[in-house]
Amino acid sequence: MSTSSNPTPSPDTAREGYDRDRQVRVAVLGVGMMGQDHARRLATLTVGAELVAVSDVDVARTDAVAAEFGVRAIHDPKAAIADPEVDALVIATPGFTHEELVLLALEAGKPVLCEKPLTTSPETSRRIVEKEAELGRPLVQVGFMRRFDTGYQQLRSLIESGEYGAPLFLHCAHRNATTPPNFSSEQLMLDSVVHEVDSVRFLTGEEIVAVRVIAPRSTTAAPEGLLDPQFVIMETESGVLVDVEIFVNTTFGYEVRTELVAEKGQARIGLHEGIVTQSAAGWGGSITKDFKERFGAAYDLEFQRWIDAVRAGTNVDGPGVWDGYAAAAVCAAGVESLKTGQRVEVDLGARP
Amino acid sequence: MSTSSNPTPSPDTAREGYDRDRQVRVAVLGVGMMGQDHARRLATLTVGAELVAVSDVDVARTDAVAAEFGVRAIHDPKAAIADPEVDALVIATPGFTHEELVLLALEAGKPVLCEKPLTTSPETSRRIVEKEAELGRPLVQVGFMRRFDTGYQQLRSLIESGEYGAPLFLHCAHRNATTPPNFSSEQLMLDSVVHEVDSVRFLTGEEIVAVRVIAPRSTTAAPEGLLDPQFVIMETESGVLVDVEIFVNTTFGYEVRTELVAEKGQARIGLHEGIVTQSAAGWGGSITKDFKERFGAAYDLEFQRWIDAVRAGTNVDGPGVWDGYAAAAVCAAGVESLKTGQRVEVDLGARP
Amino acid sequence: MSTSSNPTPSPDTAREGYDRDRQVRVAVLGVGMMGQDHARRLATLTVGAELVAVSDVDVARTDAVAAEFGVRAIHDPKAAIADPEVDALVIATPGFTHEELVLLALEAGKPVLCEKPLTTSPETSRRIVEKEAELGRPLVQVGFMRRFDTGYQQLRSLIESGEYGAPLFLHCAHRNATTPPNFSSEQLMLDSVVHEVDSVRFLTGEEIVAVRVIAPRSTTAAPEGLLDPQFVIMETESGVLVDVEIFVNTTFGYEVRTELVAEKGQARIGLHEGIVTQSAAGWGGSITKDFKERFGAAYDLEFQRWIDAVRAGTNVDGPGVWDGYAAAAVCAAGVESLKTGQRVEVDLGARP
Amino acid sequence: MSTSSNPTPSPDTAREGYDRDRQVRVAVLGVGMMGQDHARRLATLTVGAELVAVSDVDVARTDAVAAEFGVRAIHDPKAAIADPEVDALVIATPGFTHEELVLLALEAGKPVLCEKPLTTSPETSRRIVEKEAELGRPLVQVGFMRRFDTGYQQLRSLIESGEYGAPLFLHCAHRNATTPPNFSSEQLMLDSVVHEVDSVRFLTGEEIVAVRVIAPRSTTAAPEGLLDPQFVIMETESGVLVDVEIFVNTTFGYEVRTELVAEKGQARIGLHEGIVTQSAAGWGGSITKDFKERFGAAYDLEFQRWIDAVRAGTNVDGPGVWDGYAAAAVCAAGVESLKTGQRVEVDLGARP
């Protein structure tokens, strides 16, 4: 499996040829909410992984998390990358630190699972693409976990099968209950829409060539200054039109939904599932609370598949640096469109 | 169209040959909740019908309803039947009065739409069957309105098509929010399950040959002395097994649901429909409040089809006296089973 | 009830005060598929209406339809408008004839139910608005039947209730199996999107102030030269963003779906309903075949409510000429946007 | 966590206190379809487990499976139990061998995860209950995997919460595409209904006190001599009525569905989930193919939780021998009822 932008995870074959006896010693860099979740995942769920260290600029937090899992606290992430007892790295630090840390890991020749975004700009992401290309082998997987979600995999298979003809539209909705303090209109693109960008590339197997962003009236629940919701329209190489409702202060629940409209059929994923009740309140069910509930199984599979790939020596089983770069480029175009109100074209340049 | 127990209403052909200029002058006997609803239906919705009189033993109510619709109040139902200005009758009086009133209408040669039950015992219903047979032409339609519901018609068509092979099970649920005061365990069978009995006969085209009733623990919401819910198991001629959950003090909503299990396929009707919302309360919809909401369109069609049949001279377009009699016989067996705890067989005798 | 752009049909009160004994004698102008359907509706379903004549430039068709319903054939639509035996008119002729016929009816002082579009341009529609204003009383109802659909009424009530806060998005899809020969890219807007335009105005109670149309890749099933699908983005006065997927050569089924996203909740209408089956083919149901199946009940109610209004002397119970004009103006802007690729603003001018 | 018949698996707390460094060396006895699946699960998915041996009376099969996983082949299951290099056992041999093998494991003091049924008769199961009681600590978990399914856990939580009042009904359906050759009417009870028996006990926290089985007409797809479908009615201690449609030759798909009807609310699990498509074939989705697809995640969790319990020294985290015994007793009563047509009471005797 290569760093191709569109690998289809294939659960039954990925573990061929790996060294069964080797446990991959992993350090998690950044142990905020996301990093702690990944530490727990590696410590208890991922077969073949051994959580050996955690690292965070917040010393107290590092020590607390290290103690919780009975592993080493390494206060300097660069030291963790260099540590000879560490085989592989999960990077869950803030986005602006990614470039430096990923480049260091590349230099150290250690496999990395880097949370999205790969970096915060197309230029820095491009630098990583080129660095990895120089090394001649993949080392970096980007944390677009949706590619490991059953629904997205089924939808991709349906498109690939050609049964419904060419795709014409993807209608997407991405809704979140609330945003953290100081969340900006740009972050909506960089942190939230980035998932839709990668999903579209994964589903269609095509690059996105243009973006425009429309901001309708904002919800009164949005913090001062945040344009929420936004409406993002993207075009792929073949002319598939993608629309994304991004709305992150719905005040309740987390919902990610995609509808394919193709020439001869349609399909939807992300529908409500689970127990259905009825009572004086009516009939219905609950909405997933957050991304951990919605995509927990996808994260689990992502980590397992990554560790399997590291053990097998391929290092990557899922989206790689090119995917991270392409997403960064599209998101940068989106931020520009939000400012200018114009359709912005995306030019990725040649792939090294 | 005959009094056959299983006519399939065929909306587009029923009105052939009727006298377009004739308005059928109808009197409604019994103007409680049900009768008032039918009076309104005839006055405002049924093409070809003219509401001319209402009649009820409650004089004040009769006068009030008559005034509301601008029609005559006839205090004696028998007088209404005999009235030369009345062409046809809707009987919505209490069940125990049906035998006498229907027989009078038969003697007067006037078409009747009789609310269920036809009568309160198989013996009395049988008498009406025989009386109508003597007259040599159908005059009485029984108010099993579900036969005019789109869902039941689709399910019946599916069974008739043979596409799914022989039916094996019908799983039915019949749920009501509350019961009126003094509702008895027997009435559950006679007033509520009677609809399931007719539905099963309509859907399968078969007679029911045995019944057994099991009473599980009663809900604390049930009035003292009422066994609610009950579980009714019926067998048809060919061995289809029917189970009915009848539960009439659910404290909320009205729900009638049927699931067919056949050799090669299954089907369900009565599912939740309409607008679906999501909010902090979760996702979902509302449950139909009562039978008027659930079966309003079926009642409307039932009345239109009946008036069309009267204008066409066939008098009946839907379930007839045999259907009313068969339902009474099965319900009587159910009441017996509830008392004895045993499986009770049903013998309808020969059809005249 | 006025010609206000957003009357909420109120089924239980509309018939107060009308003359029960008066039958409204109606002529149907234009008896193509749509007009024949309306003729049948008036002849058999609408209480208080009497179909007395049909008229069409196609003489043979006029005669055949007249014979079928046993009514007069009037070959010249203008003669039908002038005929003293005709009280009211249904106009179902091609759109380009509407202006002349509606103006004649206004001059004759006869109530009209005019199929959409009111006319084919904002200018001609505006002329009708002004003409009716001069007359000082409403005479013309426009055939936006969706306003009589239960789902749209529920969604409008939900928005009006304010329970979910301000509306932010309406996501709409309008899909049709195939188009008639020679259907043009402009007609997609004028004949299909026009319904969405009126629905948005009905649901939000706001005017649409800007439109832009994006044409993604066309389906290979579309006839040569037809841009299908299209993606229409509209903005309302308060900043609600509306997106419409219009796709009329899906090769199967008819689907009209609307999703509201508001500040504190969401809602969807037009979901799949009816019997659900499961078999070797999977589980699921059928898709409504065409608009007659999907909106048949809405048409029936529209006609009944219109006849009730005519009998009551208010002449209109639903969308009026202003609604027809506003829709024409938005659609004209849409056609311009399709040509230029630009966002086009809509200016309705003052309401007379 | 005890061998209580109704433990609620609590994912986040179960691993407290176990020895992280200890890998549990497991042998799988019986490597038919089920055992092979478990071997794969232990080898690749279960953290803390090490598959060390497989054993089956079929020597060739044992060798092949052992080779596939790179583990020892032990041809005599008793030798595997006795083997000092084996810490724990998964028993997936045919049911009739379970008694002997489980008793040997108890004698050896080794934890066992025994596939259902615990044994094939209440008497033999009772012997195991008593044997384990003598030992004074739990060693045997029974493979009722549904207790680890999210839906069943949610439904049980809902009942326990008391929010909907007392349960009144459980309506269950258990459908399978086909049966293996020579599948008997009794096996329908012992191999299939046994899951419903345990589910009911898990959901309600009550013992089942009576059973009756009704055999409707059999499907023509059932092999000669097999009564399929059957209808099983069970009563719990408090009077909850349970009905089970068991139908194992539907010719397509696998479906397990449970509907709770309680005093103030209802709930359903096992509904259709996943991608929903629409095309010329209609709208809908696929039906799970078999129990592995439907309950794969439940098996995975069952194994993980069992290994966690073994590492923690509690040995059991889920249904134990009493649950296996109770299920055997109810199933035996069901087999008797199928023969006699009568309601059969179940007496479990005192729990040691």
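So that you can tell them apart, the chains are marked A, B, C and D in the order they are listed, and the count of residues begins at 1 in each.
As a working rule, a residue touches a chain if its C-beta (ideal position, glycine included) is under 8 Å from a C-beta of that chain, and two chains touch if they have at least 3 such contacts.
Just so you know, these numbers come straight off a predicted model, no measurement behind them.
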From the centre of chain B, which chain's CA centre is farthest? A
Contact tally winner between B-D and C-D is B-D
Chain C to chain D: how many Å between their CA centres? 58
Roughly how far is chain B from chain C, centre to centre by C-alpha average, rounded to an integer in Å? 37
Between chain B and chain D, the Cα-mean centres are separated in Å by 45
Counting only residues that touch at least two other chains, what does the list for chain A look like? 251-252, 264, 266, 276, 278-280
Tell me, which parts of chain D touch chain B in their complex? 165-166, 168-169, 171, 173, 214, 216-217, 219-221, 229, 231, 233, 235, 238-241, 243, 245, 247, 250-252, 261, 263-264, 266
Residue numbers on chain C that touch chain B, as the complex places them: 15, 20, 44-47, 70, 150-151, 154-155, 158, 164, 264-269, 271, 273-280, 297
Show which residues of chain A lie in contact with chain B when the two form their complex. 251-253, 255, 272, 276, 278-287
